[in-house]
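The chains carry the letters A, B and C, assigned in the order they are written, with residues numbered from 1 in each.
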């Protein structure tokens, strides 16, 4: 059980609710900033948890405070329509009898808060909906509908955005269509976002924090990057395991078409133009795309070579090893490398050794 | 004859409006409530579907009589009794046609599911507001079906009117009674005219219903 | 084994015969007579059929309905042998299909009061009250008792004054219901309907106020050669039948 004690936590939630043979039993703090993913297999209770936060489900026992305000305790239950939330359902659930514009207006007109996210036109612009305003939902694609749902929720000026598997009903194309908007929201929105997902790729791409759930309980929670590289959690052992690194864009080299991103003071070169200087970007490095070298390689085609310190070595099934490495001054940035047992025999990697990571540049950012 | 047709239309229209006003909340409750006994209420409200109308008319005649408790209450409040009046026919027709309005509206509310109301709640709409701005518009085909069925059924109603009407021209003498009278009096010419008109009317009603149904299905896709 | 089977078959056959004989007792030698009777006369007709059955093997089926409906059914070929109508005009109209006819009863009109209503000395004074309420009559267009009620009120010179109080029953049974349930204060009904009531509840209308309600019966031509039908038609005019009819609240021709 890993948990981070974040002092900024504003959302305190405790719910106990039995539905047939299933029991939801959670007690946690959710961060007041950034994106929190509720992650777990289907049937683990993550959607029920989210619905309890929204007040769509009333847990038999529970308490919920948001920024010091009580939404639920033994004597209080604030009904959903009085909670300053935005909620995105798995299917867009637009009102079929209203145009896109009226769908967007629906929540905004009923919201007591002053409209601080701009008007309908502005939001429509932001979400690429301005040409669709007078259409009926029947004539929109899946991705467009989900974007309207997103805009409709944002126009209520919510203090928190809750999303229930917002991408899972969409096909690959529609996902590609909407993810950039979600990433944009993650960067620009000041309110916390909680979203439910069973797809680790979505989580890697969008989340800052992760709450891991199984059979109605929270089994682990903490910052995403720590969780993914935690040897005690199942993520590191997965075949497709990867490390997520946060960095800031330094510059773009027009001639070589490479973007330099600084991660803990180390420059990493990424093909293509990615973001503007100073912007924060997230990169994903698959564990199998990293090779290790005792000496700093002098002659190599690999662009990105970084020094790191081995934190731990762990044997996996099928003759493979995970090497957990620390980057940066305090080794606080965690990276996982996956090597064969033959290599481990030959090099006998052990904690506290300094090694050099060779990262195949082309594989650093994966398209979703 | 014009008087009879006008009276019948008025009876059906008043009944339909009242049933939509009172039947829609009932249908909503039947569709939404999780109470185990709601089906008991649902069954009671559906009784007119299976009971011979004369049974209903007979009990109404007894229940609304001036010396019955209900009859006395009505007399005390309104200063008149209901049998042999237009108002009495409206009461009888409302009871008789209730399931024909409630059932389609209930089906429409049930087909809608919980989701639209949940969405409306997350968009700050109070339950009452969501009912009027979301549930009712979405249930429109069901409301149309209910209204058409309720209207048509009231026009075709015979047994209840026969029992509590008293066949007063301009007050309680509706089409079905007039047709019955003509047949009994061997005035088959007039009976043919009115009966033929009823067949055309019934055909139009069913046509409207089928078109409303098609619209509902297209919306569902 | 084979023998056992044969025995079972035999006993089955026996059981079948037993059941059949229960369903159709003494059927072979007798006619089945189908009688259509106007609703208001059904209970009296049943008593007559019962009396008839004491000395006869014929099987009798009674169908009841309004006179107008039975008339329409006969026109469309309904398999009736005898028709007991509530009036004489309908039998007039069936003349071409009738082998024999007879007036079997004269209906008597009464004014019936609801439980709360007060019957005074005469019909006129009873109906001459400020809080009359509703006055139930049978549909004069289709029911002979309705026609008789109109004639009575015309004779008394009260028709126009009382017309606004009318509620019309489709037949004499419904008219009775209106009064019995208290929804109408008074009603013109048949004496045969009020036999079981206290005599203070109704007043018999004097015969000179309305033309006689002649209830005629017809032996239909299609059954002229049917001995059972002829035999019942004669029985209808016998002293036994007459006594039953008189006790049921009818006059005799």
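Here, contacts are C-beta pairs under 8 Å (C-beta built on N, C-alpha and C of every residue); 3 or more make two chains touch, one makes a residue touch a chain.
Just so it is clear, the model here is predicted, and its values are computed rather than measured.
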(message) Based on mean C-alpha positions, which chain is nearest the centroid of every protein C-alpha shown?
(response) B
(message) As a test of understanding: of all chains, whose mean C-alpha position lies farthest from that of subunit A?
(response) C
(request) Please work out the Cα centroid separation of subunit A and subunit B, and write it as a whole number of Å. (result) 55
(request) Could you put a whole-Å number on the gap between the CA centroids of subunit B and subunit C? (result) 36
(request) Find the geometric centre of each of subunit A and subunit C from their Cα atoms only, then give the gap between the two centres in Å, rounded to an integer. (result) 88
(request) Indicate the residues of subunit A shared as contacts by at least two other chains. (result) none
(message) Counting only residues that touch at least two other chains, what does the list for subunit B look like?
(response) none
(message) Taking the touch rule as given, give the residues of subunit C at its contact with subunit B in the complex, in rising order.
(response) 66, 68-69, 71-72, 115-116, 133-134, 136, 139, 141-142, 166-170, 174, 177-178, 181-184
(message) If we count contacts the way the header does, which residues on subunit A are in touch with subunit B in the complex?
(response) 54-56, 79-82, 85-87, 89, 91, 93, 95-97, 106-107, 110-112, 152-153, 156
(message) For the complex, give me every residue of subunit B touching subunit C.
(response) 58, 61-62, 64-68, 71, 81, 83-84, 162-164, 166-168, 177, 180-181, 183-186
(request) Quick one: which bits of subunit B touch subunit A in the complex? Just the residue numbers, please. (result) 115-116, 118-127, 129-130, 133-134, 137-138, 140, 219
